[in-house]
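You will see two complexes here that share chain A, one where it goes with chain B and one where it goes with chain C.
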Partner chain A sequence: MRRQVPLILCFLFGIVMMLVEFSPHPISEGLRAEVIKWDLIIGPFALVIGVITLVHTHVIRVKRRVEHWQYSYLVFFGMIVMVAFGLPTGPKNEVFEWLFDNVQVPMEATMFSLLAFFIASASYRAFRARTLEATLLLVAALIVMIGNAPIGDVLWNELSPVGDNIPSTARQWILDNPNLSSRRGIILGVSLGVISQSIRIIFGIERSYLGGGD
Partner chain B sequence: MISKKMIPLFVLLVVVFGYSCNLAFAQEAPAEVDTRLFHTGKIWIFVSVILFSYAIIHSIYHARSGGNIFIRRIAGLEAVDEAIGRSTEMGRPILYILGLGTVGDVATIASMNILSQVARKTADYETPLRVPCNDPIVLNVVREMVKAAYLDEGRPDAYSEDDIFFVTESQFAYAAAVDGMMVREKPAAVFLQGTFYAESLILAETGNSVGAIQIAGSDSDSQLPFFITACDYTLIGEELYAASAYLSREPMLLGSLKGQDYGKFILFAGIVLGVTLELVGITWVTTFFQEVK
Partner chain C sequence: MEVLGIWVAAFFTLCIYSFLYRDNPFYRFAEHLFVGLSVGYGIVFSIHQGLIPFAWDPFWEAITKREFMGLLKLIPIFIGLLFFARVVPKYSWLIRYPIAILIGIGAGRAIPNVMDARIFRQVYGTLTPFGQIHAGALGFFEIFGAILMLVGVICTLTYFFFSIEHRGAVGGISKVGIIFLMVGFGSAFGNTVMGRVSLLIQRVDFLLSDWLRLI
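Our next item is the complex of A and B:
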């Protein structure tokens, strides 16, 4: 019974929501809006559970004195401060906004900026021309990089007697033809995979997400 | 749930019901409100969905009746056992990252299905399985799912709820937290399965730097190159959705993959036909597909 009820609900909602997609009738639109509301209502309840588990995780870390347990106090400190300023007056509170703009945003930007270094290290590994595929990748990447940089076209037009703006034209050809066609191949496969997976879930054939078994 | 003989009847009923209601409601409606029950502009999409669904369901029932299903070898999924075995031998945890998707994303559900199979194996080998979540609903579903997997394997004592925990909903804070875990705990295996955005390479490169065997899988085509570069194995697009069937080897799940192949064959035939006719100056196939929205 514990697994039958979710399966029945999944079947009903799956079929109804699929049909709703093909119907512009006000009842259908209303039903879609209603289900979205339910989803929005479930979210905050789940967030409470999320916050409880977060606190629990860090309390355990402090109790067990695991490595770097002291940082867990920072989590509590940050949480209490943000809740203390944000909860009574909402997100427009000056202190709350200041903390968000000057602490959270710069920290997230710092993490994002690490991406540049990770791209460099990953590219170095990917572009080592050890195999034919890696060599092709290296050549394509060089053309795209030179084509993307304005100096590529400028240098080509100055130094080469053949054609104008060849680097940017070659870059665009690579992006529009081999790149786009392979991406579309992946997208078609993904779309069919999504439909197939959805059918398996709607008809209760795929039950692994319920923990497997019957 | 539905017998094979009932499928065409079910499809026919849906179509007839939809069409009749469409006519009935359209006559009674005021002019300014669209009261059609069926969006006639989406008829071809609807027909395609029905046909493709029928192909999949038919293949599933064919597989259930004992039909032989061939499935090609997927290196990334073959490596799952290797990754779990490595973690067990090294006595280090497995880190399973579900990405930033919500429980409404099919890729996240596909990832959960793989996690379920991984959890069954970690239950057997008593290997710690750590799952940091960024969505509280995903957290609760995953906890229940992993718990059920451990129960099914007869190892409820090995299940630790503390190993599946909520981190944050913020994208880069999540990436920072998971990176920190990787550096501190040095997992022997990292699974990156689901929906990923800009944090994909940050996670994959950190996993690479700690020497973990990494198996990634995503339907985000813009993130796949990063995973291919930084991870040992990558499930590309549809392979992510095939993973559950591949790992469990359940005939009914494998059958759905065959149905998927029928869909791919029809699309491929359509592309070849369209290109050929376009080359000889006949454009109706191209025009038809351009009008389907």
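Our next item is the complex of A and C:
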């Protein structure tokens, strides 16, 4: 009951969803659409686990007065404010949109842009051309970066007598040929892994998602 | 409200950038608030774009218009509610039911979709140019590109093929695979750096033009 029923459910839903993808019959298409809706209904409830874990973590931080515990109240404040304005009237609420546009989006963009500095220092350490492989990585990265920036083509056209827009052309060639071929190799390998793992899950060989205990 | 929005956005932008100096109260303030707002945003969107249109609306319609098929939506709602069993230790095992269903649906859909989009189409894209070569429709550089693509895919796959020891011919092919991988990683790195730098330029542009009106 505790482990067998979930395994049977996983098997049934997995097999049905796999088979209906291949069948153009209206009943099968209707079934597929309905199960996808079930997925969209059940999915948001999974957020409950995340929210419970986050709240639990911060309640513990406050209770135990760990270092910087005061900031945990900001997590609760942010969450409550967004839910209070967004939940009753939906994401089109003026205050909800204002908070999203003027607080959340700028902070998110700034957090990601912060990585530019750390990537710069990391690349200094990583890009020492000690081996052939490291040199290739360095050269490919440099060509892509120079080709991406408009200044690359401008400088080349001003300074070099050979060809026009060579940096951006070289960048595009690298992206379309050696880069794409290695990505295809990786995609094919990963996809075969995904398929074999899915088969293992459907047939109950892989059952780590059930967790421990009875 | 617009001016206030610009000032608030500028304040939080500077709070995050203050981390470049070192960890400090301004950064922690912005960081924790960001986590809270993001979670709140996620909750609102999941409810308004998942639960309400796909569960609540059909269910309510079923009650008001007496279309009893809509009552079937009670089944996934009930299954979803089993996630709350996590908070009652005695019944926490019930959480396996919704997880098993979600994973089953995901695994079942993954097999045909991945096979189609990520295997057949990738192989098709790799081999199609050879048909065009046969028809004499490609020039020298396209033929060179097509051969390079095929060689790159085979060598990269060989590098990840661990059932045979990488010695002799297989070792040589896998070494060529490493070369392709390094160029691929290099270009991915270059693209990532440029993406982050673009974001940095956009934030600095916001501070200098929208906020300070210097440019």
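FYI, the second predicted complex is superposed on the first by the 172 of 214 C-alpha atoms of A that agree within 3 Å, B and C clash if a C-alpha of one lies under 4 Å from a C-alpha of the other, contacts with A are read in each partner's own complex, and residues count from 1 in each chain.
Rule of thumb we're sticking to: contacts are C-beta pairs under 8 Å (C-beta built on N, C-alpha and C of every residue); 3 or more make two chains touch, one makes a residue touch a chain.
Only a predicted model underlies this, so the values are computations on that prediction, with no experimental measurement involved.
Measured by the number of chain A residues touched, the leading partner among chain B and chain C is C. Once the two complexes are overlaid on the shared chain, A:Leu31 sits clear of chain B and of chain C alike. Of the two partner chains, neither chain B nor chain C is touched by A:Val62. Of the two partner chains placed by the overlay, neither chain B nor chain C lies in contact with A:Ile166.
In the overlay built on the shared chain, the residue A:Ser23 is in contact with chain B alone; chain C does not reach it. Look at A:Ser121: by the touch rule set out above, it reaches chain B but stays clear of chain C. Shared-chain residue A:Val81: touches chain C; no touch with chain B.
Residue contacts after overlaying the shared chain place A:Ile205 against chain B, while chain C stays out of touching range. Looking at chain A, you'll find residues 11, 18, 21-22, 39, 42-43, 46-51, 54, 68, 104, 107-108, 111-112, 114-115, 119, 123, 183, 186-190, 192, 194-195, 197-199, 201, 209-211, 213 touch chain B in one structure and chain C in the other. Looking at the complex, you find that chain C touches chain A at residues 1, 4-6, 8-10, 12-13, 16-17, 19-20, 28-48, 50-51, 54-55, 73, 75-77, 79-84, 86-87, 93, 95-115, 118-119, 122-123, 125-126, 145, 148-157, 159-160, 177-194, 196-197, 199-200, 202-203, 206.
Within the complex formed with chain C, the chain A residues making contact are 2-3, 5-7, 9-18, 21-22, 35-52, 54, 68, 71-72, 74-83, 86-87, 90-91, 96, 98-117, 119-120, 123, 132-134, 136-145, 148-149, 171, 174-192, 194-195, 197-199, 201-202, 209-211, 213-214.
For chain B in complex with chain A, the touching residues are 1-2, 14, 18, 25, 33-39, 42, 45-46, 49, 52-53, 56-57, 60, 104, 106, 109-110, 112-113, 116-117, 120, 133, 135-137, 139-141, 144-149, 151-152, 162, 165-173, 175-176, 184, 198-199, 201-202, 204-205, 219, 221, 224, 226, 228-230, 236-238, 240-242, 244, 248, 252-253, 256-257, 259-260, 263-264, 267. If you check the complex, the residues on chain A that touch chain B are 11, 18-19, 21-26, 28, 39, 42-43, 46-51, 53-54, 56-57, 60, 67-68, 104, 107-108, 111-112, 114-115, 118-119, 121-123, 125-126, 183, 186-190, 192-201, 203-206, 208-213.
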